Structures are given as C-alpha cells and as structure tokens.
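Here come two complexes built around subunit A, the first alongside subunit B, the second alongside subunit C.
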Partner chain A sequence: MNRLVPILTVVAAIVAIWYVATVGMNAQWARDQAARAGVELSFGEIVADTLAQERPVLPAPHQVAAELWKLTWVEETTGRRGIVKSGTLSNRSLVYHGWLTLSATALGFAIGTGLGFLLAVGIVHNRAMDLSVMPWAIASQTIPILAIAPMIIVVLASVGLTGIVPKAVISAYLSFFPVVVGMVKGLRSPEVAQLDLLRTYSASAAQVFWKLRLPASLPYLFASMKVGIAAALVGAIVGELPVQQGGLGARLLAGSYYGQTAQIWAALFTAAILAALLVGAVGATERAVLRRLGMAQ
Partner chain B sequence: MRDTGPPGEPVIEAKDLGLTFDTNDGPVHALTGVNLTIEKGDFVSFIGPSGCGKTTFLRCVAALEHPTSGTLTVNGMSPDDARQRRAYGYVFQAAGLYPWRTIAGNVKLPLEIMGFSKAEQDERVRNVLSLVDLDGFGKKYPWQLSGGMQQRASIARALAFDADILLMDEPFGALDEIVRDRLNEELLKLWARTGKTIGFVTHSIPEAVYLSTKIVVMSPRPGRITDVIDSPLPRDRPLDIRDSAEFIEVAHRVREGLRAGHGYDE
Partner chain C sequence: MTWFWGAILFWLAAWALNARLAAGPAARHPAVRLAIPALFGVTLLVLWEGIVRGLQVSPVILPAPTEIGATIAASLPILWGDFVQTIVKGALSGYVIGCSAAVATAIAIDRSPFLQRGLLPVGNFIAALPIVGTAPILVMWFGFDWQSKAAVVVVMVFFPVLVNTVAGLAASERMQRDLMATWSASYWQTLWKLRLPAAMPFIFNGLKIATTLALIGAIVAEFFGSPTRGMGFRISTAVGQLALPLVWAEIAVAALAGSAFYGLVATIERGVTFWHPSQRGRS
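What follows is the complex of A and B.
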C-alpha cells in the first residue's frame, strides 16, 4: 500500500499530462476540418474532437488502451484468424507479434549472457585477453545498432540464416556488453585477504573460481542481466524493423507507414510491458537465488 | 596436556632474513637482518608501529611473500613446502567469512579444498566449532553473528585442518576492548588445550604481554627486530595478571623497546 500510492500518483500525473498534450497537439486538425466545413467550434467541441480522432497526431490514453484491447483479447477471441476460431495466434494481434519479439529476445539474451560470461572469465584469468578484449567490447557498443543491424541481417541471410537467428544475434550484440562489464567487476570483487586465504590452502585457480570468484560475482551478474535483458529487447525490435516479417518492430514501422498512431502506441506499450515483465523475471530469479545462498538478509 | 610433541623444538627459523620491495619511489626495505627462532608451543607476539614489517614477516612464514635474502624454514622446510603440507592456519584482521556460506560451510571451506571426505568434514567442523565455543551456530549465516563471533568462526576455520602453527594478523584489531579481552582469554585457553605454536601480530602492548611467551619488538625504516623479550609470566594466566608487577615490568620493557626503535629523531 505504501508503495502503491506514490506509483499511482505518478501514473495519474502522466495520464493527465498526456490528455492535455493530446488536446494541444490534435487541436489544429480539428480546427482545419471545421474551417473547411465552414463551421465554428467551441472549446468544448474542440476538446471532444481531439480525444476521438481517427488518425490523431497523439492518440489519447483511452484510445491506446482500446487499441491494445482490440489487438489482443478481441482479436484472439472473436477475430477470424484469432486463436479461438483458427487454432493459431492471429498475425494481426499483438500477442502474436509480442511472442515473436519475446522469443528472439530470450534467445539473444541467452547467447549474449553466455558470451559475456565467458569473455569475463577469460578477461579475469588471461592477461592477453584482459589487455585485448575490453577495448573491442567497448568499441562494439559505440557503433549505432541501427547502422549495423541491417548488415547483420544481410550477412546472415546470405548464409541462409533468417527468421529468429539474425534478431537474436542483434539482441546478443547489445546484451553481452553489460554482462562482460558487470562480471569482470564481480569476479574481481573478492578482497586481497580473501584471495590470500585461499592461497594459504594452496587452492587451485579452478577452486578459487568456483568457491570464491563466482559466488562473489552473482550480485553483479544479476544487476548486469537486468540491463542486458532490456537491451536484448531493444535489439530484437531493431532487428525486426528492416525485415517486416512480424514482431513488435515490424508493427511499429507498419503503423508509421500508414499513419496508424494508435497502433504504434499500442505496440510501444506492448514492448514496455514485455520489458517490465522481463526485468521483473530477472529480479525474481535474483531474489530466489540470493535467498537460496543466504545472501539476502 | 598442552604439548603433544617435544617442546622446545624449533618450528620457525629465520636467519638474516631480508625482504625488499621495488617501488616507483625506489626500494623499500620491509625486513632487514631478521634473526628469530620460534619453538614448538611458543606464543610469539610481533609488536611495532605500522611499516615495521611484523605482518610482512608473518606473510613470509605463510609463503604469501618471498624473502629476497637470508633463509627461512618452517618445520625444517621452505615455507612453500610447509604450506603444501598444511603446516599452518592463517587468521586475517577481517574475519573474511563468505556471506553465502553458513558458519559450518565457512569452516568447511579449507576441508573441501584439501579434499577431506564428507563425513570427516562434518566431524571436524563440529569439533572446531565447539573448540571456539560456537556449538549450535553452524547453520547461521555470518551476518547473523556479532563481530567477535565471526572472528571466532574464522579462527575455527584456521584450526579445522589441524595445522600445528596458527598465524594471526591482528585478529582482534577491529573489535572493541571488552570483546577483545574475552577473546584473548579464550585464545589462551585454546592454545593451552591444543598446544599449537602461535604467531600473533598486534598493535596493543597489553595484548602482546598478556598473551605471549615471547614478544618480538620491531621498528620501521628499515623493518627490523629491536628486542626479543622472553616473558617471565607463567603459562596459566588469569585476566587479573595484568595488574601484577611482573606484567607491568614486561609492558614497560616493550614500551621502551618501541620508543628506542621508533626513533623520534628521524
């Protein structure tokens, strides 16, 4: 309850600002239409019009909510191609496109986290990798993903890889970096005294890794994974932009082609909800693992 | 009941030991010309100001640092070999318990690394926890224990694999004086019961005098030994021995040694 009040206050403020902005940004269209028809609109009429336009510059929150509802529940339960009538998810619904994006995100995140983990282990244990890998990892993140994504897609398509793999590769490209940085920091987090202690036991490098470095790095790993999974989602969406074979990215671009702003916003919200769920899932895993290890107090 | 092996046998022998670190500001003489013999069953304290080399000497014995001149033997062999044969347990200033392991899990750590069987691990953990008066705390996590109890657990961890030598680097330095007094008393009992040889680094004169059979007074720049005092106090020491004339006399001699070595004119 104590947490709910501030959250709801912020949401209410955002919705209020949004409504004011909706009226302001859509008023010009309403006035132009009225002038063309040769009528004069009162302020009340303008407000009513701006909140119910078919192709508004900025759709009102209730329009976005209605669009979201229509493209998920209504489409799947009553649509001709919906899951109830056809047995498969409708390719018009955001459930279908959200699932496409989610699966690419999950695959890319798994690849990225695994790669980041391996690179971090290499950097911590191998001096040559320590000196050579990090600058490249940093350089990789300075290249705009929008520029490199189409090239990844083209190169992979030329070797016969299409569909989920190119999107997952772009996801992995974005999500490995926070994991490398966080894990290197985490694996190096044990103090000198802790490493000395293991030396007094004549522990091997593998024992130092499994008994000290890895457990000590877990809090860092989870923090990195929260950043990484959000980046993986962005990567999957960017990977869907140039291909137009489904996914939230494809829906975003299609919406902007046809001036369907409500559709764009509905897809954006689906992406935001997905991101929240994914970060929440990592957080829940983190709490479960750390409690299991006795690290959560 | 204290000594299991022949007492008086040299365990740690340093001859003209020196250690020089090369730094950007030129060489730092952490230790020079250190000659010292520690016998089996001794409780030896190293006292001196920061930079006198007391911790460095202990780290040399533990093969965590390697001397640049002179010879050092532990149980008649090199410190590295002695370590391989589990000659010593080391206790650091910070308890350094793993937060993700229970107290029993922490004590078990060296046993896992050294490859003791599961049954023997449990047996040993039970024994050493009772030795440091932590029976029943095995399932607790470190954060559930006070600082003093954590340090006792770290002593149990150093005792778990039954090394003959216990090296302690300011183990009670971060604790308040009341807890420290109690732990000092308990450490003496533990020493009497186990007959270990103990090397103990401290900043505190009363602590050094109360605990030790031999007090090594050291001074910095270069790190060296200025005095070695064989304590006339009996091995059995109640806390109030600290008010006796003998105690005060030894403490006085330590203080004089520190003052002479410290060189206020430098």
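What follows is the complex of A and C.
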C-alpha cells in the first residue's frame, strides 16, 4: 500500500498530462476544420473533438487502449483473418507482429547470452585473452552499435538469409557485450580468501569454476541479462525497419508512413508491454534461482 | 589464397606474441597493457583483409578495411556534413537539454519523498522500455530536421539520468547532513556544498550511459525520416544502393564519435569527482 499509492499517483498524473496535451495538440486541427466549415466551436466542443479525431497528432489514452484492444482481441476473435476464423494469427493483429518480434528477440538473446557467457569464461581463465579482448569489449559499450542493423539485414538478405535469423543476429550482438562485461566482473567477484580456501582443498580449475565462480557470478549475470534483453528487444525492433516483413518495427514504420498515429502508439505500447514482460521474466528467474541457492536478500 | 594463409599466419604469430607478453614479467608495464589490445585490434583488421581478399568476398557483402579506409579519405566532406547534422546538432543538443532537464527534475522532486517513491519505479520502468520506438511519433511532431532527433535524444537520456541523480542526491550520509544543519546551512547551501558534490559519481554514471543512448537515438531517428544528410540517413540509403564501403565509413565515424564522446564525459568526471575512491590512486 505504502509503495503503491505514490506510483499510482504518478501514473495518474502522467495520464492527466497526456489528456491535457491531447487537447492542446489536436485543437489546431479542430479549429481549422471548424473555420473551413464556417462554424464557431465552443471550448467544450473543441475538447470533445480533440479526444475523438480520426488521425490525431496525439491520440488520447483511451483511443490508444481501444486501438490495442481492436488490434489484438477483436481482430483475432472476429476478424476475417483472425485465429478463430482462419486458424492462424491475423497479419493485421499486434499479437502476430509482437510474436514475430518476440521470437527474434528470444533467439537472439539466447545466442548472445550463450556466446557472451563462453567468452567471459575464456577471458577469466586466459590472461592473454583478458588483456587483448576486454578493452575492446568495454570500448564497444560506448559505440552506437545499433547503426549497423540495416546493413546486417540487407547483407544477410543478399546471401539468402531472411526472416528471423538476421533480426536475431542483431539482438544477439546487442545483448552480447553487456553479458560479457557483467559476467567477467561476476566470475572475478569471489574473494581471495575464498579462492585460497578452495586451493587448500586442492580443487581443480573446473571445480573452482562450478562450485565457486559460477554461483558467485549469478547476481551479476542476471543484472546484465536484464540490460541485455532490453537491448535485444530494441535490436529486433530496429532490425525490422529496413525490410517490411512484419514485426513491431515494421508496424511503427508503416504507421509513420501513413500517418496512423493510433497504430504507432498501439505498436509502441505492445513493445513496452513486451519489454516489461521480458525484464519481469528475467527478474522472476533471478529471484527463484537466488532463493534456491540461498543468496536472496 | 596467399592472402588468406598469410592472414592466418599473422593471426597465430600475433596471438603467440600476445600470450607471451601477457604471461611475461612486462605485463604490468602500461605500454605493454596498451600494446596487447592494440595488437589484437590490428590482428582483427589483418584477418578481415586477408579473408576478404583471399576468399574473394564480394564487396557487396563485406568490403576490405583498406577499401573502407580509401572511402573515408575520399568522402571526408560527406562524412563531416553527416557528423555535424547527426552528432553535433541532433545528439549533442538533445543530450544537453535532456540531461539538464533530468537533473533539474531530480532536484525538484528531491524535496518530496512522496514523489520520489512514485517517480523512481516509474522512471526505472520507462528506462527499460524500447524508447527508440517513440522516434516515428517525434519525427511526425517536430519535422524531419535535427529538432526531431534532438527530441528523441531528450526522451532517451532523461530517465537514466533522472534515476541516477535521484539515487545520488540520497547518497550523502545522515551525519554529514546533520553537520550542515548544525552550521545552520540553508537547504540550498546544503544542496550546493554537500549533496550535489556527493551525488556527482552517480550523476556521471547516468551521463556516461546517456552518451551511447544519445548517439543511438539520433541515428535511429533518422531511419524514420530526415533531410538528405545525416549518418542514419546515409547508412540507410547507402545500404539500399549496396555502397557498403560508405556504410562502414559512417559506422567507423559513429564508433569514433561514440568513444570520443564517452571519453570526454569520463575525463570531466575525473576532474569533478577527483575525491572519489574509484578515481583516487590513478595519476
């Protein structure tokens, strides 16, 4: 309760500001239409008009919610191409596009995390690798890697790879470096005394890794996985921009071409919900694993 | 094939040298610590060049580094124009506006624990969202020129900096604040002389995260519409024309600009937070 009230207040304030902004930003169009028709609008009429325009500059929250509902539940259950009538997901619904983006994100994230994990293990166990690769891994965090996304898509398409793989490559690339940097930190986090203790037990390098380094690194792994999965989702969305073959990014771009603001906002909220679900899933896994290991605070 | 095997040979030789350097007694010397990653970078370039030439990879798939270098040298005016349009006008102005707005907001909500408890979770949540998705909306509102890119950057950098600043303003200890109170320091004196300096490591952490976000925002926003210059515009159109050396040239500029931007902020941080344990002990 104590935490919920302030959060709800802030959210309510944001929605209120949004409504005010909707009226303010759409009023010009309403006034222009009225002037063209030669009628004078009262303030109440302007407000009513701005909240229900066909192509508003800024759609009102309830319009976005209605669009989301229409493009998910209504489209799938009653639409001609919806899952109820045709047996497959409708290519107009955000469920379909969200699923495309989600599958690319998940595949890319799995690849990126796996490779990042392996590289981190290599870096921790090989000094030459540490000294030569680590500075580049850190420096790569300062580079706008996302800029290469269109090139990867087009180049992979020219060698015949289309669909989920190019998007997953971008997602993997984006989630790779946070995991490497976080895991190296985590695998190095055991203290000297703990490492010395294992040495007095004459533990092998593999035993040190499985029994000490890996468990100690898990909090770091989960922290960087949260960063990585958010980055992977952004990568998948941007990867969908150059080729219009479905996905939330394609919906964003199509909406901006045709001035369908409600569609853009609906796609944006779907992306936000996906991001929240993904980060939430990593967080839930983290809590479950850490509790199982007795490391939960 | 000579190119290919030569590159492989170079790679093995460089790796052997690096392994020796890293294991040897000289590994602690600063010059060696710089030489090892530099050698690794050069090895990657040589390997790249050798594979492209040796296996005759089409330049449409992967151009060789020398070709990219030649393109950079030949199209300096284009690259400079794009750099000014995207980085200086779009990213930097948005970065300055967004970061100052975030710090100002953090100071404003700092007096109300209620607002903090409400805004922090919301801010943390929004910071994890794919905010680049707002780019098409902002491009629609602010037009194709750099103003819309700056707006995207403002939205992207705002929340990470806000969350870090709020955390930083809470970083001064009770004892220190009590000491200021015994000197009957006003709220603003406490803020200016104790809490803002104590918050600086946190604020700079946010500012450093924001540098990368700013560049990403400015470049990606150009994919949604831009005037006929700018790095994002050039990348997307050059990809369409399969002019990959030019794309790589832009990426090289973006990488350089990103590292330089980050380095600049890190240098300022070192000057401002010289007292912090993480900065002490470095000369």
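Quick note on the criterion: the second predicted complex is superposed on the first by the 285 of 297 C-alpha atoms of A that agree within 3 Å, B and C clash if a C-alpha of one lies under 4 Å from a C-alpha of the other, contacts with A are read in each partner's own complex, and residues count from 1 in each chain.
One rule holds for everything that comes next: a residue touches a chain if its C-beta (ideal position, glycine included) is under 8 Å from a C-beta of that chain, and two chains touch if they have at least 3 such contacts.
The shown structure was predicted, so the numbers you read here are calculated from the model rather than taken from an experiment.
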### Query
Looking at the overlay on subunit A, is there a clash between subunit B and subunit C, or do the two fit?
fit
### Query
Looking at subunit A, does subunit C or subunit B touch more of its residues?
C
### Query
What is the value, to the nearest 10 degrees, of the angle subtended at the Cα centroid of subunit A by the Cα centroids of subunit B and subunit C?
70
### Task
Check whether A:Pro6 is in contact with subunit B, with subunit C, with both or with neither, and answer first, second, both or neither.
second
### Task
Check the residue A:Pro144 against both partner chains and state whether it touches subunit B (first), subunit C (second), both, or neither.
second
### Task
Once the structures are superposed on A, label A:Leu212 by its partner contacts, choosing first (subunit B), second (subunit C), both or neither.
first
### Message
For A:Tyr201 in the superposed arrangement: first (subunit B), second (subunit C), both or neither?
### Response
first
### Task
Determine, under the contact definition given at the top, whether A:Ala230 touches first (subunit B), second (subunit C), both, or neither.
second
### Message
Once chain A of both complexes is superposed, is A:Ser42 in touch with subunit B (first), subunit C (second), both, or neither?
### Response
neither
#### Entry: Superposed arrangement (fit on chain A Cα atoms) - minimum subunit B/subunit C Cα distance in Å
11
### Message
Output the subunit A positions appearing in both contact lists, the one against subunit B and the one against subunit C.
### Response
none
### Task
Write out the stretch or stretches of subunit B touching subunit A in their complex.
62, 64, 83-84, 88-90, 92-94, 96, 98-102, 109-110, 112-114, 141, 143, 161
### Message
Which residues of subunit A touch subunit C once you look at their complex with the stated criterion?
### Response
3, 5-11, 14, 25, 57, 127-128, 130-136, 139, 141-144, 146-148, 150-151, 154-155, 158-159, 226, 230, 233-234, 237-238, 241-242, 248, 252-253, 255-256, 259, 261, 264-265, 267-268, 271-272, 275-276, 279
### Message
Could you list, by residue number, the parts of subunit A that touch subunit B in their complex?
### Response
191, 193-194, 196-203, 207, 211-212, 215, 218, 293-295, 297
### Query
If you look only at subunit C, which of its residues touch subunit A in the complex?
15, 18-19, 21-23, 27, 33, 36-37, 39-41, 60-62, 114-119, 121-122, 125, 128-130, 132-137, 139-141, 211-212, 215-216, 219-220, 223-225, 231-232, 235-236, 239-240, 242, 244, 247-248, 250-251, 254-255, 258-259, 261-263
